[in-house]
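After this come two complexes, each holding chain A, first together with chain B and then together with chain C.
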Partner chain A sequence: MRVEKEKMVLDRGFSYLLLLAFFFLILFSTNSFAQDPSDTLAPESVTNVDAFDTPNDNGHSITVSWELSSDDGAGKNNVVVYEVYRSDSPEGKFEKRGMVPAGENTFEDQGAKEKDNANYLPSHKNFYYRVRAKSDGLFSDSEISLPAYAYGQWYHTGKTPVLVAVILFSVFAITFITLARKGKLFYIRPLAGIEAVDDAIGRATEMGKPILYIFGLGTADMIATIASFTILSRVAKKTAEYQTPILIPCYDSVVMAVAQETVRAAYLEAGRPDMYKEENIFFLTSMQFAYVAGVNGIMLREKPATNFYLGKFYAESLILAETGSIAGSIQISGTDEIAQIPFFVAATDYTLIGEELYAASAYLGREPVLLGTLKGQDWGKAVVIFSLILGALAASFGFQFFINLFRIQL
Partner chain B sequence: MRREVPLLICAIVGFTLIIVYFVPHPPFSDMRDLFSDWFSVIAAFAIYLGILNLLKNSVDKVFRKRSGWGFSIVIIAGFVLFVFIGLYEGSDFGEIGTRYYWLYDRIYFPLMATMFAILAFFIGSASYRAFRARNVEATVLLLAAFFVMLGRVPIGYYLTSWLPEGWRMGDVANAIMTYPQMAGQRAVMIGIALGIVSTSLRIILGIERTFLGGE
Partner chain C sequence: MHPSPDIGIWIGGLLTLGIFSFLYGDNPYYKFCEALFVGVSAGHWFITLFWTVFIPKLLGNIGIAIHTFRTEGFAAGMSDYMHWSYIFGGILGFLMILRLFPKIGWISRWSLAFVVGTTAGYYFINYLVSNGLMQIQKTILPLTSVGNIILVVGTFCGLIYFFFSKEHKGAFGGLARVGIWFLMITFGASFGYTVMSRMSLLIGRMDYIFGIWLGMIR
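== the complex of A and B ==
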């Protein structure tokens, strides 16, 4: 009996043991088939957090850089994003300034320069940074960086190639201006479009028809429009001498005001202020195709003998030039808008291509000093061509240093 | 004084803006925006100058019955109509569903589209004149245009699909656009950039003063 009882106790104990083993087995297997450890463990924090003033700016930005977490692209490979926090003291409250995706290790904390802006970042004030490496719900913070403050620079080092080019070009221009003032004469290649200006004005005079001068859609702050003002002055002086009316429909009211003054001054210069008619220089509209419709109407009604299209032109260039062609006008065009140059070449009689628009005033004036600047421009072009050849050779033979000399940061 | 003061203003503003380009430090960093704001203010006032000029010329034309005075009546009527409806609609005059928007959508917009559509026909007529093989340059232009136009449309592909890749019409068109066209375009751009610098220097240094009157 006793043996049977002991056997029963042993059997029951064995059963409990089995049950316990099964329980542990279940527990163990639950743990072993749970999520990847990378999902339950926070990524390693980033190291070497460095905060420094953003170079070449106005002094309201700090750049933060760090070494990537060892779990970014390797290890647990679970970093999703880096968040950058800032505080004005190491013990203070850190506020989030922004984030960058995994794989990136710099962040520019760009603040506002206005004091009343919520994002204001003052110059010369210390800030501390901390970078948080985040996975899906878990994170780890870096050490706090050393203090850094933003300050403005007095020279943008990334623009040195531009400065060198401007100085070089200015030296050329001033040298040739000085030579011209001393009486040296320069040969300038004749331009058909400029040579035709006198003939075109003469033709209008013979026909008793007006001249139409179009600035295009440029506003007064565009350099092509400014160049056009200088040409208008020369053309207006000749029209005053020949007593030929000049019509100038304007797209921009500031351009209209400047054009009125330019023509008035040119007529005064020519000794014919009585010939000046302010109503011939008028505002049409600031809508592109409404302006085209208005100018086309003038072309077809007034049948001007000569049309000048000098300035900034867009899609309207061909519509204007073709209508002028239908009206039988001699047409002289010029623009620095590259996409429109082919249209003008195809549809007008003479075209000033790109830089010729800027040179036209000096050509028309034939003043030695102005021609001197054109000569300077030619030397500038020679330097550019020489640099292009050297650059092509450097790129072909892998001389990266030479190419880097021309890199510009804006 | 009448010419010296504008020349001085030109020189000061010109040199300041050159400095602004190279100096990011305040107060230079704010000057570009400042000058831009000043220009906007002047331009805003000049808009009224332009409108007044347009109305004055149009009314004058109608009263004097000068050539095309009927068109001036349309200008005045259109101006009055748009201003009146715009003021009547209040600050939301440009919203969809307003009378102003209806006028814009049903009158102004179709007129604009019509003007723009004329461009397609003018491209045809201009091409016809420009692409005649009168000399060597025009022949080169004609050939380049022939290949580029055919290379950009399906028929060019079907006509030359039997050729090995790299010799088809589309490939020839791409080669023309990528090499000779791009090289020419960049040459013009470099010339323009130098021309801009040269013109700016002439104006800033007061050498070019024709736009102020006189040599």
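== the complex of A and C ==
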């Protein structure tokens, strides 16, 4: 019994000894990893450092490329970062310009073009570059690159598809404008929102109420606002003929000035310049929700028979349209702001969706220039559709060349 | 309940209630808040433009141009000369002021024509890139998954809908109809998404009234 007990104690002691030995084995193993002699060495330097002008820019930028250190992702695998240094002479002091993580082999030394800027990088001046492969505390420098200087390019090769598209669409537009001017009639499909314009103005006349025309928050340089000016011209001419007042509260002072000129010209064309009232086209404010509060007040006090919301709209679209609905007005809306179209669809009687707003001006005006442009746009869309189908097929069958034709570098 | 002792918070809370009173209908309280809101914002806008555009952009740049000319003369670089170009904007702005004089107010049309004409041309390129070429680039997808097929077909039919010089009937009309369905489904999704973001705005106002102002919630 005693012998068995002693044997058990010995076995247990032996087990503890084994565990202790195992513990020390692991400890020494870890230490031996930490003391790997490769860690005390700097990474291999990068090779073939090449500095050249950054293409397709206005100068003031040099791109540096290199071949990765042999210890980047291989070998000692200890490269953490590459630092890029620049000097205006090979013997001069090299200043750090930036860094890229391991695995990357290009760096764009983007300088400022203003002389008084601390980061100024003059064009047409030679610079030399050196790349430092860095591990944790250790580094190795590359050879110094050949000199390179920055200069601006007159032509951006990455935007060639844009040039081709501009030429193509211009040819379409000029061709169809010329044909329209020679008297060729182009079919334009009816747009419900525009067909309703005359009825809406007639309703206002019958009710003896004004018409409210809102451009939204767009400025005079936006395409939606410009399209809206053309529609306003037609609406104002009708209101002049029907002797119905038109109110235009404006968010932007330049839009107000253009709207005043547009309405004045329309009243003149209608033979009723005496009816024109400049004070009906007024600036309200340029703060979004203050503008909404003001227009809402006008809607409830003036009770316009018809509201036009044509132009650029943002978060105020639903608030305006709902208030107009409460005021009992017929509402015609149109915008190219995709996020706001759903609100207009839900809360107004007629909505011009996106490009329909642009088409509406041609539909109303029936001028050769507008009709020809619209026809040209349709041909442009046909080219887009054709490219889309061919592109999808090319992508499916792996014809990368065709896909690259549409790649734009901005 | 621990109402805020800050008078500014009280004014903000009372004005918020004034604007909310519009839900009840047009009333003197709303009219007062509306007039205050519109008037203050218009005045603020004027002062902001004066100090962020007129002073630094116009006077600041012309000042730099004059200083450079006095110190460097004709030896100044091209970028220094560019500061003089702001005079052109100043002249256009001055022509706009002539609208105040009816007899020569027509001259302001030159400024308007310049602004509308040049920017329309400028935006033509931007729209062509973002709405045309980028659209093609992003839609050229291999027809190897249901998602890609839906995207290509939706774009194709959507474009068909926006053909204005061809009557929408027959097969062409059918494709246009599919296009409008795609558009309406997109609008529905967008509607729901935006309504949710508006709810967060309402929550923000409620937090202001019941939390910051009245101290009823934390």
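As a convention for this text, the second predicted complex is superposed on the first by the 374 of 410 C-alpha atoms of A that agree within 3 Å, B and C clash if a C-alpha of one lies under 4 Å from a C-alpha of the other, contacts with A are read in each partner's own complex, and residues count from 1 in each chain.
Assume contacts are C-beta pairs under 8 Å (C-beta built on N, C-alpha and C of every residue); 3 or more make two chains touch, one makes a residue touch a chain.
Note that the coordinates shown come from a computational prediction; the quantities given were computed from them, not determined experimentally.
Clashing of chain B with chain C is the outcome of superposition onto chain A. When the shared chain is aligned, chain B comes close enough to touch A:R234, but chain C does not. In the superposed model, A:A347 makes contact with chain B only, not with chain C.
By the document's definition of touching, both partners, chain B and chain C, reach A:A257.
In the superposition on chain A, contact of A:M222 is made with chain C only, not with chain B. Of the two partner chains placed around the shared chain by superposition, chain B and chain C are both touched by A:K381.
When both complexes are overlaid on chain A, the residue A:F406 reaches chain C alone and has no touch with chain B.
When both complexes are overlaid on chain A, the residue A:A392 reaches chain C alone and has no touch with chain B. Judged by the touch definition given at the top, the superposed model places A:I248 against neither chain B nor chain C. When both complexes are overlaid on chain A, the residue A:I332 reaches neither chain B nor chain C.
The interface of chain A with chain B overlaps its interface with chain C at residues 113, 162, 166, 169, 220-221, 223, 226, 254, 257-258, 261, 283-287, 289-290, 293, 297, 301, 315, 318, 338, 341, 343, 345-346, 353-356, 359, 362, 374, 377, 380-381, 384. Across the complex, chain B is touched by residues 56-59, 113, 152-156, 159, 162-163, 166, 169-170, 173, 177, 219-221, 223, 226-227, 229-230, 232-234, 250, 252-254, 256-258, 261-262, 264-266, 268-269, 279, 282-290, 292-293, 297, 301-302, 315, 318-319, 321-322, 325, 336, 338, 341, 343, 345-347, 353-359, 361-362, 365, 367, 369-370, 373-374, 376-377, 380-381, 384 of chain A. For chain C in complex with chain A, the touching residues are 19, 22, 25-26, 30-31, 33-34, 37-42, 44-45, 77, 79, 96, 99, 108-109, 112, 115-116, 119-120, 122-125, 127-129, 132-137, 139-144, 152, 155-156, 159-160, 162-168, 183-184, 187-188, 190-191, 194, 198. Of all residues in chain B, those touching chain A in their complex are 18, 21-26, 29-30, 39, 42-43, 46-51, 53-54, 57, 60, 67-68, 71, 108, 111-112, 115-116, 118-119, 122-123, 125-127, 129-130, 185, 188-192, 194-203, 207-208, 210-215.
Chain A makes touch with chain C in their complex at residues 113-115, 161-162, 165-166, 169, 186-189, 220-223, 226, 254, 257-258, 261, 283-287, 289-291, 293-294, 296-297, 300-301, 315, 318, 338-339, 341-343, 345-346, 353-356, 359, 362-363, 374-375, 377-378, 380-381, 384-385, 387-389, 391-396, 403, 406-408, 410.
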